[in-house]
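The structure that follows is given in the form of structure tokens.
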Amino acid sequence: MTIKEQQDNIIDEFSFFDDWTEKYEYIIQMGKDLPLIDEQYKKDENLIRGCQSKVWLHADYRDGKLYFTADSDAVITKGLVSMMVRVLSGQTPKEIASAEIYFIDAIGLKSHLSLTRSNGLLSMLKQMKMYGMAMSGKM
Amino acid sequence: MTIKEQQDNIIDEFSFFDDWTEKYEYIIQMGKDLPLIDEQYKKDENLIRGCQSKVWLHADYRDGKLYFTADSDAVITKGLVSMMVRVLSGQTPKEIASAEIYFIDAIGLKSHLSLTRSNGLLSMLKQMKMYGMAMSGKM
Amino acid sequence: MNSELATAVILDIEKIRKDFPLLQTKVYGKPLVYLDNAATTQKPFMVLQALDDYYARYNSNVHRGVHYLSQQATEAYEVARRKVAAYINALHEHEIIFTKGTTNSINLVASSFGRKFLKPGDEVLISAMEHHSNIVPWQMICEEKGAILKVIPINDQGELRMERFDELLTDKVKIVAVTYVSNSLGTVNPVQEIIQKAHAAGIPVLLDCAQAIQHIPVNIQELDADFLAFSGHKIYGPTGIGVLYGKERWLDEMPPYEGGGDMIKNVTFAKTTYNELPFKFEAGTPDIAGSIVLGVAIDYIQKTGLAAIRQTEEDVLNYAYNRLAAIPSLRFIGNARQRSGAISFLVGNIHPFDMGELLDKQSIAVRTGHHCTQPVMDFFKIPGTVRASFAFYNTRPEVDALVKGIEKARQMLD
Amino acid sequence: MNSELATAVILDIEKIRKDFPLLQTKVYGKPLVYLDNAATTQKPFMVLQALDDYYARYNSNVHRGVHYLSQQATEAYEVARRKVAAYINALHEHEIIFTKGTTNSINLVASSFGRKFLKPGDEVLISAMEHHSNIVPWQMICEEKGAILKVIPINDQGELRMERFDELLTDKVKIVAVTYVSNSLGTVNPVQEIIQKAHAAGIPVLLDCAQAIQHIPVNIQELDADFLAFSGHKIYGPTGIGVLYGKERWLDEMPPYEGGGDMIKNVTFAKTTYNELPFKFEAGTPDIAGSIVLGVAIDYIQKTGLAAIRQTEEDVLNYAYNRLAAIPSLRFIGNARQRSGAISFLVGNIHPFDMGELLDKQSIAVRTGHHCTQPVMDFFKIPGTVRASFAFYNTRPEVDALVKGIEKARQMLD
């Protein structure tokens, strides 16, 4: 699936929710479901410090593709992080580097990618794109 | 004449003027009439530097009274300076130190004694009162 | 919390709320519950009107103008200074310096006092509950001057450990800089005692009043603090304006902070002489509108009555404290005997950011995070807190909404 | 004066004037003739409305808030930064720092750049026509660092002596700081040439654009200046807000100026790390309303068109110059070939203060005095000048009123 298809799927899933409660409960569930990152990678060098919540991000490069695992100390952020991983993980560096991420906005969580810098999600996206750029030799 | 009487006289004189032009022409005339200060006293130590115009002030103490001479480089200020000298010169230090100067305000030239500090008149008044205080041993 | 003011009348809050246009706002279709007053306060209509009035009727540059508008603006600007002086009962008007805000005021003192009085090995004494704005400026000047920053620790209640203060107050200390009220813990510090002890040792004290000036009567001559800083936007006035009060004797001795128009008497390339107070510390065109309108915000407070404001706030604060205390697994961060303005808490293992977001969705505005007091968070080993902070326009039903909102968020997150 | 813009259309001034509430004011019962625009400009209705709108609808502290209002305010604040960046065509948004005004911007650079790059014996090169705000900050840092302030002299026309500039531009010079347009003489300086020559020698240039930004299109990438400073209140925006543009590479290298909230990444008592640009230089709660509304003032200019504004101003300025030149015994102070905004003059032996006062009584607002450029007054050996300064809302009949007013004052004073 392309990055675009992944995002459109998520937007589809969210279109079934009637109110913010259901939407957030879903995100929270996603946040709780799985530890997204191997404990050994949950170290300071993988830490992306936002103003409010922490995000850990680990990248693996295999067969021309980037695979991400991640985690956060805030559960809503973690839910969003897991969606971000779902969208970008397993894509080529080039696609990641040039990806336009619109699903956060579309599902009504714009502030997480806005200038308020109140959590680590924006920084995480930047970091993912950095990996993408680095690996596709664009930097 | 007391300081109060001198001020009331000036206010009386000004009450005859119908418009600002006549009033200012009178002040300008007073400003032009006489060199108010002996050239030898027009030196830096007697200079009161306002933000806009300069004022020179010289004080003589004789027979328990203070006598002022003064000058300014701006003619309207000079007119006001000459009125200020008329009001305060020849009075006792004590009376000068405690004098309430209201005629400038009453004849509609309030800004010259206000916080705009745009000329030397306010500083001159302060300096005159300083002399008064110094001489009446109040300081 | 305090009860000394039991005599003052509680305000008619519904009437008061009509004075504040923003409080009528809806967020996500529901009435806004604004509990972020420690970050910034809302403005009464009088303040908006005064801003408009200034720009529509007498906007002009101050101090150097002979023309009518300039005189009007200058007069209004200096009247504002007098209002501030009267509000804190300063001895002299020229002890009031208009700045950009608390941060700017403290930087001015740290830089200017520090440059004049700090030598290598000297100490600056602050506390563990200071806002970054009362930490970083001192770190910067200490580093420059080779001086050392010392810190009065806090206890588990979030109170200053005064026995440690006594020990730290050696003759190496050149200035004490502490906050009157903590913005993240709500603690009211024993500033009277701090000032008395510091003065007994000949040491001046700066009070950060950013969270005090809108809640507690501050009489600077009684308190006898040497410097005092606050922000206009936290006291119902505009953003971009603040106040530094400094005792004449210190301000006279201190070198100017910034150079430019208005702060000089005479400029030549060979030698520049500085203007007298307060202008020596007000370089450049000041925030004329901001200063005038801060004066109007103070008028509003005076009209309403600070005693009544305080009583009203105590009432809602006590109510909030008691209702929050009843929420299972809620723990307060900061539990000082003397509290003002803010209540910080955490619920179970819920991340404050998650709580804040779910409260926001219920149109309740609280602040989450470290509140620019990271060392406090480090002390309590927490990532941040949820902070509800109150003004006299907050109501008991708003507290009820907060409690209900927390319960809902807890159910969703647990 | 300039004529390169002859293609732009002259604005319909009567229509424009309706946008400015203050221009409808009467002074002493007569319509105000406001010719003090170099001191501060009047504000269009849009600006007043945006101020009101901010405080009534979304006033909130920025950057750290999760709640709706805080996000709105933050968004609007950052949009304002983008508008400023676009207005001067900055490469990066984060090269725009919001300050209190030109004076504050220049002090920031003098202090922060100076602390990092100035050593004893180094030189700072300014000009003889600088505003005190571009003199005193450099005097202060030079004194602190043992550096030397050098001055490009002016000629009798009030123009920079560029041959002397070439000589003064030695490799001792660490920074050149000059004004684009002189506020007391109206001279437009050859800043392109200055920047090119300085850069050829590897020396950065600060441009004081306080009197340029509202009159002349400034494309920072073309000009290639390293720093640029201006004030909101001189460009139809509010008091208390200003801008510093700095090239990323310099801002990155410079230490922070003030410490406090928002400018840090991490604070412990042991070590504090600073935030990235632009926040590193924006300590404390910024002037949120001021910044947003400065953005709206820029919208107003963009909507009106800077080319049309300039053309309109040139027209009234030329007309004023010619009419004033015809007044017997009037002499211009500053007679540069390139002029913008202001005309300074003296009439016979009349003290400028006397002239200013009698013009004020005729409801004509001009500025008199040294205009914070004392060295210029010393050069011309005069106590000050009378300065009429123009905006695009000034009309030819206003110029006629000025000329008539001068004539009347001359008769009274002579």
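The letters A, B, C and D name the chains in turn, as written, and every chain counts its residues from 1.
By definition in this document, a residue touches a chain if its C-beta (ideal position, glycine included) is under 8 Å from a C-beta of that chain, and two chains touch if they have at least 3 such contacts.
Being a predicted model, the structure only gives us computed values, none of them experimental.
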{"item": "Cα-centroid distance, chain A relative to chain B, in whole angstrom", "value": "77"}
{"item": "Centroid spacing, where centroids are CA-atom means, of chain A and chain D in whole angstrom", "value": "45"}
{"item": "Chain C and chain D, separation of their C-alpha mean positions in angstrom", "value": "31"}
{"item": "Chain C residues counted as touching two or more neighbouring chains", "value": "28, 64-66, 70, 266, 353, 356-357, 368-369"}
{"item": "Where chain A touches two or more other chains at once, by residue number", "value": "51-52, 118"}
{"item": "Overall pattern in which the protein chains touch one another (line/ring/star/complete/other)", "value": "other"}
{"item": "Contact pairs between chains, per stated definition", "value": "A-C, A-D, B-C, B-D, C-D"}
{"item": "Partner chain D, residues of chain A touching it in the complex", "value": "49, 51-52, 111, 114-118"}
{"item": "Contacting residues of chain D [partner chain C, same complex]", "value": "21-22, 25, 27-28, 32, 34, 36, 39-40, 42-43, 47-48, 51-52, 55-61, 64-70, 100-104, 106-107, 110, 131-133, 135-140, 149, 151, 231, 233, 238-241, 256, 258-264, 266-269, 272, 283-290, 353, 356-357, 359-360, 363-369, 371-372, 374-375, 378"}
{"item": "List of chain C residues in touch with chain A within their complex", "value": "28, 350-354, 356-358, 361, 368-369, 383-384, 412-413"}
{"item": "Partner chain D, residues of chain B touching it in the complex", "value": "20-21, 24-25, 28, 51-54, 73-77, 118-119"}
{"item": "Footprint of chain A on chain D - complex, ascending", "value": "62-66, 70-71, 74-75, 78, 265-266"}
